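Would you mind keeping the following structure in view while I ask a few things?
Lettered A, B, C, D, E and F in written order, each chain numbered from 1.
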Amino acid sequence: MKRVGVFLCWCGSNISSAVDLDQVAEQTALLPHVVHVEQYKYLCSDPGQETVRKAIKEHALNRVVIAACSPRMHERTFRRAVGSVGLNPHLMEIANIREQCSWVHPDKVTSTPVAVDLVRTAVAKAVKDIPLEPSYVGIEKRALVVGGGIAGIQAALDIADSGYEVVLVEREPTIGGRMAQLDKTFPTLDCSSCILTPKMVEAGQDPRIRLLTYAEVESLSGYIGNFEARIRMKARSVDLDRCTGCGDCWNKCPYRSPGEFDLGLGKRKAIYLPFPQAVPNKPVLDRATCAYFQKDGKCQVCKKVCAPGAIDFEQQDEILEERFGAVVVATGFDLWDHGRYGEYGAGQHPDVISSLEFERLVSASGPTDGKIKRPSDGKLPERVVFIQCVGSRDEAKGVPYCSKVCCMYTAKHAILLKEKIPSSQSYVFYIDVRAAGKNYEEFYRRATVEYGAQYIRGRVSRIYPRGDSLVVVGEDTLLGQKVEVEADLVVLATAVVSRSDAPQVAQKLGFSYDQHGFFTEAHPKLAPVETNTAGIFLAGACQGPKDIPDTVAQAGAAAAKVVRLFAKDQLETEPTVARVDRARCAGCEWCRPICPYKAIEMEAVTERVGSGQVARRVAKVNPSLCHGCGACSVACRSGAMNLLGFSNEQVWAEVEALCL
Amino acid sequence: MSVAEREPKIVGFLCNWCSYAGADLAGTSRTSYPTSVRVIRVPCSGRVNPQFVLRAFQLGADGVLVAGCHPGDCHYSTGNYFTRRRFLLVKRFLDYLGIDQRRFRLRWISASEGPKFAETIREMTEELRQLGPRDAAAVEAHAE
Amino acid sequence: MRSEAVRAAARRLLEEGKVVRFLGHAPGFDPTSPFPQLITRAEEAERLVLDHFCAPNLAKYLLDYETQEGVTAVVLKGCDALGLARLLADHRVARDRVWVVGLPCPGMLDRDKAAALLPGVQEARAEGDEFVLTGAGGERRVAAGQVLLDRCLVCAVPTPDDADELLGEPVPGRPVPREEDAAVAALEAMTSAERKAYWTEQFSRCIRCMACRNVCPACNCRSCCFDSEEPRWLSRVTDGPAQEMFHFVRALHVAGRCVDCHECERVCPMDIPLMKLNHKLLQDVEELFELERAFVPREVEPLGIYRPDDPEEFA
Amino acid sequence: MKLAYYPGCSSHGSAADYDRSARAVAGALALELVDVPEWNCCGASSAHGADHRLAMYLPGRNLAVAAGMGMGGVVTPCAACYSRLNRAHHWLAEDRRRWLELSAAVGVPYNDVGKPRSLLEVVVGDVGLEAVAAQVRRPLKGLKAAAYYGCLMLKPPEVARFDDPENPRSMDDLLQALGAQPVRWGFKTECCGASLSVSRPELVEKLVGDILDNASAAGAECVVTACPMCQANLEQRRSERHRLPVFYFTDLAGIAFGLSPRELGIPMHLGEPLELLRGKGLLAAGEEGQG
Amino acid sequence: MAVVDLTEAAKGREELLTRVRELAETDPLACYQCGKCSAGCPLSFAMDYQPRQIIRLVQLGMREQALGSSTIWLCAGCATCTTRCPRQVKIDGVMDALRQLAGQDGRAPREREVAAFHTSFLESVRRGGRVHELGMVGSYKLRTRRIFQDGGLGWNLLRHRRLPLKASPLRDRKTVERIFRAAEVRG
Amino acid sequence: MNALAVEERKAVRLADIRPVLERLAAGGKLVAPVAEAGGFAFRRVGQAEKVRLDFYNTAESPKDLFFPQSEVLFSYDAAGIAVPEPAGEQVLLGIRPCDLAALPLLDRVFGEGPFRDPGYLARRERTVLVAVACDRPRASCFCTSFGLSPGHVAGADMVLYPDEGGYLVRAQTEAGEALMAEWPGEAVAPGEAEAVAARYRSMETPLGRRIRLEGVAEALDGMFDHPMWEQIAARCLSCGICTYTCPTCHCFQLTDEAKGEAGKRVRCWDSCMFPEFTRMAGGHNPRPDKKARVRQRFMHKLNYFVRRWEEYLCVGCGRCVESCPVGLDIAYVIEAVQGVTARA
């Protein structure tokens, strides 16, 4: 038997002055199941709550309706009050007769019927309330960090520093990422390696961090606190335990090919260390360029010279299975391929290069030892044109968004150029200079004023060769005239884009990504490092173009979120989650794609039919993942999927009560 | 009460995170609006089953309002996109069955848009008043 | 038409043990209304027929064997095969448990139209673009357009594209403009009140026999919301609101999922124009969500996905 | 292969030579060209600045008539006509309601005849370079040629849908197949300003000069076009300092196939085109005569 | 330089934008003034406004300046601008649209000869269904009173049999006349 | 029932029936066949021209006029309980012999035994039945199998016999005679009228379908678990067409509709073909599958009802045969039973 108690709050005079509560009480008392109606001046106050508690006991109430202010205000308060006398906290409903009645309908004559309706509706819902219990899940206090660039390194260090174990997975043979390829960093012009290398070493040495380089996450299953990852350790052909990193192998290896780290501007051996500061400081054998694998199975020079016997041609890929409580994704970015710009030579002209190539040319550890030599003939370029927004802000051929970092690094390039080749002149074609950051505008000004970079506002239309130089044609839009520059080298600030396999990574790990392949944060303002999958966090440019300071800040934030999770022993989940009526569920899986949290999976059930047993598939909601939005319950035509707390029965009853 | 004076009845399904909070804001800022609306709180506009909407109409609602976060701002990230798709169809379909599509509204109302909520109710009330009670039109057509 | 072919197929499949049951058609009380026939032994193959009156879509019957052992063979026309595609997309049937005997369909005859053209018609055979009807009343040659089912006049998918074997050469679809859309447009041209009156009248005839639901390959829930007690989505009382609710929900639940097979309309004993509801939704789905051939089941249904740039009418 | 052929107005006048070589080469490649009956002017560079509808209807009528011929598509040798036909085709393809509008306006029912193609496109794409090479009797050995595509055959790419609008390759490949040596140069797709040739000759002379300068600098001995407007314009608006002969690609294909300059209408070109061919040893003794 | 009164310009802005959008099937407001169009324009050296500036004039509603410019007439229609525009503005279409608007306004074209050429051309098409080059050039010369321009060239062409004296019109000359009328009606 | 036992009463011949229809329609009590959506239906008619006596049998039987699909038994509100007024008088014109024969079967269910249904009986009481001898049987008809015929008109107050381009009208009861009193028409001698009636009684159905019923009920006694049911069920769609169009099916359920403090109890048709027909509150369903439900329907018609009332619950109207979307034919079932017995 349902016994509903209704409590009407005056809220001082906030409600009572605008609503005739006596009349509300009178009409409410007539409703089916209502056994007790009471008014009180301030229900949320201690004595007010006590009134409710007392009445529950005295009148053996098993449902409570509070007519007061918005549930967004005091739902928790009254749930607690109700719970404290042994009634399930979810057997309580609130009728919002303040914000949505007395405060907006000040005339008693018209407001009172509204209040009556709202209370009746709340009673109708309360009658359909059922007791709800939260569920609890344990937490595996180990973090998985995917991607070993500056974002991943920072996140791993922060988590480890808080005392938790971290596995850092990097698909290249070394950690370091894009930042390792850079020469200097704006706006301070610190050497990139100088600030990155110590962190790499720290990550390599921290006993709580396990580095898995040359490795990739194959799959991730499970849910917050309880993920299971399969990690593929690619065959490196080098036994990392034996290798000392002495360098004999790569010094003796007779085969050279263009090096990835230098973007093909320099050469590396078939067995190689990507760059001198690599962590781990141990080589990898590239089977695609190694004579042993590609030709005759002979050569074996590296094996012969390796004193510790670390070379292992037979090594196979290996799969590790590990459990984690949280995941930080920091898989970084790529640069847009300017081969799609036919008007800039479609990537065919050797002296039209990307800005990252310029970084390698200018880097002391680069293929030219820091001398800016142009690729075609090694000449020192005197006239260098930098073009911004190549691929960025270009819906037609590139991406519509601003890549955020190009303005600043181009200013840096102009400065570095002038420092290295004092007789040079740089020209920068730009559309807008975006220098919003601490000391950024000042830095850009230095490039123009101190270093004499010639900034021309306009997008270049065409680059074509004339003799051994390049003609760059643009408009100086401030002048309103077409301009031409003859250049020795053209540097294109190509757009920052997502990794080409970002969608697959997102699908594999189970969160969403935008139309450009950047990973989507759970909320652009309030949850910028969370994904919509609980327990998976984002750091760095995999989420969107970002410079180093922003990346490091976000990595720290992601780490903080992980640590916050690990600080608990158990996760309590809200009980207002979706639930499946297995008997009704047909297993059509319509609910599955609609769930933003991947909380719905299929399970096999067996049931008796006649004398036999049959197996069939039905949906199952993981309450730890479900956020209770209810989208699945609408997708479910049969009504097998329901949302506790806002069930079909309850909303239906509310509609019927409202429309009386 | 004569037809002209009768206040139309609107059933409003408001999502907890944006629109319900927006309606609360109208209250805290004492922005008065017609007493025509009665609110049902749902976690997300994506929770609103079109069957609820038709039921409200059948039980005598003159208008139905579904309100949720602006597209892109859904608390559950994607719920309102599904809402929008679903009700693009439902609105036309209700109209096709003879429930004038002006009687149904889906609105994006954020937690800060108290005035927009009040304005929506005012507009809808006015329009519904002009449309007249729902059955009258049908009854008239039937009588021909 | 192809009775011998279907019998041979059934015999072969059952004898070889490729399938444990075979779903085809058998003659009814009158040869113009064949019924679905299940056989499980090769010698029963003689019972089967396949003629120009075999309109019933057998796909839905596959649900009956969902949890039973063995592969089921089923005779499907192009339109029926979309019904199977629907069941597959809804994970209600596993493809490897079905053996599709595809019928490239030249169009099925409307037994009422045929009977009106030749009372007592018993048989029909196709000759080019014509049909020759024979029966007690003699023989009559009629144009295909006069006697085909409405749906066959505009059939875009006469041949199943997912068949395990075909009974004959593929038949191309007819690129005929959809006349039903004109019916939808005519309704759209009415005033809201006129539409209300129209549907009230149509729905008032409904006897809630549920045949439309039960025959529909898209209505494949294990338990229908209409049968639910709590909440009582649909009142048992057959008054105006309940009839409206029934038809609104039925149509909406197949919105974006309807395979346009017209079976609901064919089976309706009260001749309620259900396809006018389905076509309206089909048309809106195609227009609003920029889909083509929305009646072809796809992996994710139009209402199971969204696009951030979907039409915005709700600001 | 049988195609509807849209010759364009200049085939009856300033490009009568192109018309000849085009038909001759098509014949050699077993392309059957059937003239679109009663074709009308496509509106060229004038209609689109005067009236948007007119600019669609004029070429649209030709497409409608061509569709009625039931051939494997419509082809035109002229880049300007190609552009206008494609603009109309694109406009019609965007919205089927326009089919009715056009049918009513031109009095011919419109049906899609497929994307209008240029003769170059047909030769390179449909016939194929292998088939072309197979016809070569006199490889154009040592002939350095600048393939000049102009603008209208390629731009804008969503309408033209042919080759890369910035770095096209098809004519270069064709020249290579004929045995010639295409030069790398920077002005392949620059506009020569033909539409202003009559009204603003002094501007056009600059454009033509820039193009020919760049071709000469790249070492070209001749310029090859696939457009009667370009050919005429380059020939007529060049200054004294430029001596490069300007060929149609069909001229060189014809020569390579062993056809005589006369059959190809080459003597109708201005300047001294035959001198170059003679110098390269590409003309037989009997072929040195008049045009 | 004169000061541009933006509030004044704004009065005709919507109308101008609407007409341009209709005729050019593109939105000039998408342009962010990068100048890539002008930089690639082969004729920008001769124009009074850069193509980019024409778009700017349209954005601001400065109809007088846009329709009175030489640019819209000097545009050769090569579509290099449209091909390269990062915002997918059909700039060549905008030029066409502005020429049409100038014609509809009955405005004297800034480039008289260019306009006269187009008029003569279309006249020739309208008359015979196809252009008769000699007739068309003759009419152009009369229109512009430039009787002797290109005399030598004409002779040269005649000599090379590339300038036939006789026209070769359609059999039914009304065919094209009807199309012109249909377009005028749709206008 | 013996059709010949009817007392001789007045008979007239009408060359033109329109004036009579107009008079009946004007009274506001006429229910008659009208054309509707490609078929025919019994509807209350206000204008005589809408009546279609050239109808073939209606898609729905006229049982709805006595046993409505939804019937409010009582309603309540704060003020108390209200029982609806009994139905007013009506004239049902055009009922066919088969449907007419179904009424006595329903009478047994609703009018005999300890629970008599006042609503049903009131409607039966207040309805004047004007039958039409069947001149348009359909291919699916098999009334003659049940001892009926196109001329079986027992129980009607009056009968219209289509004859010689007009109608021969014969009263069979006082009520019928009273109704006929004011009618025009030329009086007909009793012998002539009987001759017409006899001609109809001797007519066959068009396909001459006759199903042997001997021993069917008895045979079914032992066939509850027969595999035949599975074969039959394999075709069934589980829809309710057969039961809802049947003139004799009469299952119903009660439902309460509450709205706040007010509400009503409504009796609605139900169908044994629906899965939830026998589902109990706890979820248990004694007839969990199609086979059990299909069997129930035929057992009820051909066995259980016979056991209780010694009559088959079928009149051979052919509606279920005609309307069944998958051609599941009751005659086929009967034949199958016969086949089983023959083999046994």
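FYI, a residue touches a chain if its C-beta (ideal position, glycine included) is under 8 Å from a C-beta of that chain, and two chains touch if they have at least 3 such contacts.
None of the values given here were measured: they were computed from a predicted structure.
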Exercise. Going by the stated contact rule, which chains contact subunit C and subunit F alike?
Worked result: A
Problem set entry | Touching both subunit B and subunit D (chains) | A
Exercise. Using each chain's Cα centroid, which is most distant from the centroid of subunit D?
Worked result: F
Exercise. What is the chain whose Cα centroid lies farthest from the Cα centroid of subunit A?
Worked result: F
Seminar exercise, completed: Per the C-alpha centroid definition, the whole-Å distance linking subunit D and subunit E comes out as 23
Problem set entry | Chain centre separation in whole Å, for subunit C relative to subunit B (CA means) | 36
For this session: Could you grab the centroid distance between subunit A and subunit C? Build each centroid from C-alpha atoms only and quote it in angstrom.
Result: 46
Seminar exercise, completed: Note: subunit D sits from subunit A at a C-alpha centroid distance in Å of 53
Exercise. Multi-chain contacts in subunit B: which residues touch at least two other chains?
Worked result: 50, 55, 78, 82, 86
Exercise. Where does subunit E touch two or more other chains at once, residue-wise?
Worked result: 45, 80
Problem set entry | subunit C, residues touching no fewer than two other chains | 223, 225, 233, 303, 308
Exercise. For each chain, which other chains does it touch, given as pairs?
Worked result: A-B, A-C, A-D, A-E, A-F, B-C, C-F, D-E
Problem set entry | For the subunit C and subunit F complex, residues of the former touching the latter | 28-30, 33-38, 56, 60-61, 64, 112, 120, 202, 205, 207-211, 213-215, 223, 227, 235-239, 263, 266-267, 269-272
Problem set entry | Complex contacts: residues of subunit F adjacent to subunit C | 36-39, 41, 59-60, 69-70, 139-140, 206-207, 209, 231, 234-235, 237-241, 243-245, 253, 255, 257, 266, 268-269, 271, 274-276, 290, 321, 323-329, 331-332
Problem set entry | Residues of subunit F defined as touching subunit A within the complex | 259-261, 283, 288-289
For this session: Would you mind writing out the residues of subunit A in touch with subunit F in their complex?
Result: 30-32, 120, 583, 609-610, 656-657, 660
Exercise. Once bound in the complex, which stretches of subunit D touch subunit E?
Worked result: 9-10, 12-17, 38-41, 43-55, 57-58, 61, 101, 104-107, 151-152, 154-157, 159, 165-166, 189-191, 193-196, 198-201, 203, 206-207, 232, 236, 267-270, 291
